[in-house]
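Have a look at these structures, which come just after this line.
In the two complexes that follow, chain A is the common piece, with chain B as its partner first and chain C second.
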Partner chain A sequence: MKRYLFIISRTPYGSTHALEQLEAAMVAAVFDGRVAILCRDQGVWNLQGNQDGAPQGQKTVSRVLAALPTYDIEELYVCADSLSSQQIQPDASLDIKPLTFVEQQSLIAASDVVITAQP
Partner chain B sequence: MSLHLIFSATGLTSCTRRCSRGDKFLLLGDGIYAHAQALEAGIEPVDLFLLAPDAQARGVGSDLTGTLLRLEYPDFVALTEQCSPIVSWKE
Partner chain C sequence: MNYALAVHGAPYAGTAADHALGFAWALLAEGHRIERVFFFHDGVYQGLAGQVAPQEHFDTDLLKRWQQLARQGIELAICIASGIKRGVINETEQSRYELAHPSLAHGFELVGLGQLIAAINAADRYVEFPA
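== the complex of A and B ==
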């Protein structure tokens, strides 16, 4: 089984980056990939609680994240350094695992495919 | 061995925090401007490459001949065949 890592590095709602990454991740999981997601830098804002995408006419990103286990995506990681440098109150319904830089190195090196959707 | 595609100076910083020893690094686009920063960050010159057309367009790198290898597109393709995973860094 191929190991996929999707890295989210931008804020929700400012662009479609986060939702597109999540949609691609769910597709990979449906096709029997082992999928992990890492939020880093500005991407940690996707984990913030009390989001509501309705005024923007968009899906609520935190709700999509909360639904990931339904798609057999159990690995939701966040950069511990990025998390502590932003004033974030993560959504309580999310099972988030903070990773150090060293742990992120191992995660990337152990992945078969890393999707950053950049530039 | 991962191949890191670096598109900006910010991307370089994000990358160097999360890369492993022995990985390869290709600077392309505006990442070209970050070549000195990449060497200062401790990336071995033997693991660091510039994309030749992008370096040429920006007038950067001709003074680095003998230090950093400049890759043409076919070399870039060959490098992507040797490395896995391939990770892009812009922000």
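== the complex of A and C ==
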């Protein structure tokens, strides 16, 4: 079983980056991978509370994130530095763990595959 | 070693294809294997038929270079979800959605996102080429 890390680094509604990363993460979980997700840089906006994707005709990204445990994706991390610099108030329904830079290094090192889909 | 590659950038918009192609040929030259090249996000435009290389790229026709790679038996797999919403469709999708004509270039195929994960699982290394 491979350990996958998906890094989300862009805002939820400015592009399809976040939703497409999450789709790939769910497929990896279905393939019996152990999947972790790390939001960092502008990607921390995906965790912001009170989101509604409907005006954009999109899924609400924070709700997709909240549904990840049903896909056996239990590890949702956020860069602590990005979280404070962007002043995000995370959605209360999300179980997220802030990580320091050193902890993010360890997470990346411990993963077999890192998928950034960097635009 | 066995490699899975992913291309996320559109042709002539950045270095994704150039770097991926150079890397792929270097892998083959060194005796490595390529499990699959997966085209995701705007990378699906690499498989759009009818591309005309801009003049400043006259000797780097990307589509021809991908097709050369395909002739080595390398699978060029386009994410079907990313592809159909951008109009990169084969004959099956053309008739399913009643569109005028297929647009998928020779040498490429449309596959599900599961094929990306399957390739990564089968490979020793996964390398992404961003937009």
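We take it that the second predicted complex is superposed on the first by the 118 of 119 C-alpha atoms of A that agree within 3 Å, B and C clash if a C-alpha of one lies under 4 Å from a C-alpha of the other, contacts with A are read in each partner's own complex, and residues count from 1 in each chain.
Going forward, contacts are C-beta pairs under 8 Å (C-beta built on N, C-alpha and C of every residue); 3 or more make two chains touch, one makes a residue touch a chain.
What you are looking at is a predicted structure, and each value in this text was computed from that prediction instead of being measured.
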Partner chain in contact with A:Lys2 - chain B first, chain C second, else both or neither: second
Touching partner for A:Arg10 - first (chain B), second (chain C), both, neither: first
Which superposed partner A:Glu23 touches (first chain B, second chain C, both, neither): second
Chain B versus chain C as contact partner of A:Gly33, first or second or both or neither: second
Partner chain(s) touched by A:Ser111 [first = chain B, second = chain C, both, neither]: first
Residues of chain A at both interfaces, chain B in one complex, chain C in the other: 113, 116, 118-119
Of all residues in chain B, those that touch chain A in their complex: 2, 7-8, 11, 14, 17-20, 29, 84-91
Chain A residues touching chain C - in the complex, by the definition given at the top: 2, 4, 16-17, 20, 23-24, 27-28, 30-31, 33, 113, 115-119
Chain C - residues contacting chain A, complex: 6, 8, 40-41, 81-82, 113-114, 116-118, 120-121, 126, 128, 130-131
Chain A residues touching chain B - in the complex, by the definition given at the top: 5, 7, 9-10, 40-42, 81, 101, 104-106, 108-109, 111-114, 116, 118-119
